[in-house]
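The same chain A turns up in both complexes below, where it pairs with chain B and then with chain C.
Take a look at the complex of A and B:
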């Protein structure tokens, strides 16, 4: 091979190193946001004190209780949920060849909302605490919505367009069922449903964080083992098939991953929109579509976005935690618009 | 024998797209598939590639590379990555030197190393076509299936690509089957030609055997003159529509 051809390999390796650098910068920003999230709240804590508590060097029991019991689970939940929603959005956009795909597109969030509302209304009759009945209902119906789409996907000749249509049909079905439940609900139950639908990190505790983190830790590496095949899918179904990728099987695996990630994320925090749509786009703009970099970058930037939104939700109205789902859209939409308009300046 | 089709047929819903195709191609041979629009050329390649269900028997090697007709992908991937994906079947998470060298060599072979770090969405249609050609060559195939591989290329690139493919077919002992529209390019490029019409194989043979005025009038509905070219290959000159 001549020097020119060698330089192509070298340049590609340099581009990969640059992408890894972008991920490391994202991780550094995430660490800063994580510390800020813990420091922010009705009682503002100095960052230095927060770091000392986390390092086990601060003996103040009050501050220790605030950090470890109250704020750490919320800050960690923002990170794992943001990462889960973003990776799930990235996979959906890839396997459906649709940049608008997110957990909303496939009706998964709609299913979760209906499942949670159902448990708020009738969960009292079940032999489990409502605190767990609501996430269980949300997860079950999110998985059901995904199962419907997977079922459509397994039919012969199912195209990405057909899957998106099936998802939109699911969305409308569950929205109608949710509206029916809201119509039938008592004023107290209705208020509870509406608050759940806003999305909130305040329901986080160590167990719930561990559940979402475990699912993320299991699913992401499995997705990464198929990273090159997912990358090939970007070239279109036919081309991927011609390259030897078993497209239908890959799409099915992707849908199952999406179901697990989104179901776990929305079950505990409610429907938080926008992260699953925007964070994958940010990752794509920054590191390109090689899924070996794209999926970790999506996880990092999804976590960062939701962590920043968590900080903002506590700063908008001091003393009150603004619903996180509203914050993600309010700060996310202008940020996304700016990003899209300046995308040509963003380096790979 | 590298490729053999026996009584191959393809149906789309109620329409027969291919009927009773018997065809063979040897190692080191370039076979051009010709025929008017809708005659089943692309369907034949897709059937051989295993992308559409076909009846009958298709005997082919395992290592098949297929270049589809469209090259509209605008994925945020660099040309180097697209070419590397030609080897997706064997790529490790961190690709080995062997795979990286194959991708770089393939870009080099087609003279497009300078495009390596450009995103394919930024490239012209012709440049993208060259990148996807490099991709199928990087796959190290035994059977190369190309659907209109030069449709977006200018004259110089058409000649470069066809000459290169022919040389690579000989050198690597490939079997290359290409759908072409340009009859004169087929004469120059192909060892043999298969002429399709309405899903049926009308003729196979050397360019001189297949490209006869009567047959071309029947299949294309065009009157042609066939003149001896300076390099000994026939040159086809369209004269008028057959009804004129």
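Take a look at the complex of A and C:
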């Protein structure tokens, strides 16, 4: 008995050490990718000059503006948005028992897109600058989309099937409303809407990075303290209830976390797909289902994926920034395929 | 009066050609004076001196006319695609005529979302000139540029309103230190537009007109214009635009049956030298009249169009698309006026006017077919 218990403990410790190792490796790769993100850009400045700016040894205002005001916020935005989208995808996949769930599936991104378009059209009448009215509109309608799903859940019981159906209905509703706005928009407003919907990190600045980072820093610890409940939920609703988890409440809370994370991310960078779907799967394959490990790993690998995509978007056609949404899929799909095909080896 | 203008223009451009290199060589006095520049959005452009390192987002030909071709040497960056792809033939002409164009870097365009703030900053510009559409589409990036100290001058020829043409032209002249040229162009434009409006009022008729972009060929229903671009231009000439108030937004396609039901008296299909548009109506520099007519002809054979008064009376025309929302668009107004009320406009000669404009303000020679009737 003792020997068995001992070996179980050893195995558990070894597994934990391996998970920590995977996360550390991920963090190291993220640091490297972050550095590469700052070193590269369409103006193709010499790397030595960039380093001197970072070290405070280059007083050239042009170089300073490019490194501090453009590249640094973009590199940081890739990290916080990648983490936020990935964690929100992870939560959604868990609470809905559905590997296809992401902020798109439930119409949350759709809501954000409609909110942004609405502000582009009528935001001029509001007493706030359009620069802030657009993200505010995106955030509000992302939350509204979530509230509709939650509302359906509260009246008819929050079963995963019902939530997914309500979400898909939301998606079509907001897509139709967005198309209507685009149809009615003036050519200038239409161009602005299309430009906004086209996900891009180029609009990042220090304040926006700080807002997304703050939301991530508030939501992630709350999720982690209840991580065991999410892990239990993966055994099925009945077993989770038997363990004392109030399943419906957990689902609704999870949805609120999702709307905060997705809303904040989408509000500032537009719709960047794929990260929220694939990064959680990558994390799950690497560290397993236990949410205590899975959620931080999802954050790290989501950040890494978007950061790598940001670097690649500048290297594919030197001198041009390639659309990031295309790059996330082009990098993510082969990587994901490789992981799926080799999963049995990785998980052992 | 026209001759008088020609004379003045010739003198000015020669004098400007002599003075400008001088001004650049003597930075002290020229730069000491901060020009008072108000752009088309009525914003003060914070320039400390006439701009020496300009990035151009659009309206390259207006810039050339106002600043003079020799001042392309003060341009460090431009949105290449907006010119090289959308107006292929025009760009080719300017490349040959303006050697400085070879040294101007591409900063990306608003249109294909490739515009890069980083590239603009790396060129250390002291002025960005952009059209209103680009300014609104790229709003967050414009804020970034202004915050890092790059003055942004917005021009708005797109509005197709004489007041906006005037404000844009004077702003360009002020920013480049070529106010004499700017004033002359503004006066010329005001004079020609007033003349056309006068004739239109005297004619007192307003036949029905249908405009369509001829980029996709007769098989594609191209955009028509509600109150923007050609729609706004028609307001000045005085025709009845059948699309006015009938489509959402400033431009967009109109249902074919509506065009048939509206029975327009005149149809204008725009042409140009668009890249990747094999079926387009061809007009502009170097285009033979036969080519223009051959590419326009399929439009007359559209289903049901033989019932339109315009087709029956031989009033199917093409106009170069680049002849709207620009400083020489009064030429398009003159051409339309000649068709709409020939009795009141037969002394107008838009082609001669266009040639004169080229000789006076542009570095490229005028040739080709820019406006034509089908047969």
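The rule we apply is simple: the second predicted complex is superposed on the first by the 321 of 348 C-alpha atoms of A that agree within 3 Å, B and C clash if a C-alpha of one lies under 4 Å from a C-alpha of the other, contacts with A are read in each partner's own complex, and residues count from 1 in each chain.
One rule holds in what follows: a contact is a pair of C-beta atoms (placed from the backbone, for glycine too) under 8 Å apart; a residue touches a chain by one contact, two chains touch by 3 or more.
Small disclaimer: the values here were computed from a predicted structure and weren't measured.
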Contacts of A:48 with chain B and chain C, given as first, second, both or neither: neither
Which of chain B and chain C A:12 touches, first, second, both or neither: first
First, second, both or neither for A:190, with chain B first and chain C second: second
Complex contact set, residues of chain A against chain B: 1-2, 4-9, 11-12, 15, 224-225, 227-229, 231-232, 234-236, 238-239, 241-245, 284-285, 288-290, 292, 348
Chain B - residues contacting chain A, complex: 49, 51, 65-68, 70, 72-73, 75-78, 80-82, 85-86, 88-89, 91, 93, 100-101, 103-105, 107-108, 113-114, 116-117, 119, 132, 135, 139
Residues on chain C engaged by chain A in the complex (per definition of touch): 106, 108, 110, 113-114, 116-119, 121-122, 124, 132-133, 136-141, 143-144, 147-149, 228, 248-251
Residue ranges of chain A touching chain C (in the complex, touch as defined): 41-43, 45, 61-62, 65-66, 69-71, 130-131, 183-192, 195, 198, 200, 202-203, 205, 319-321, 323
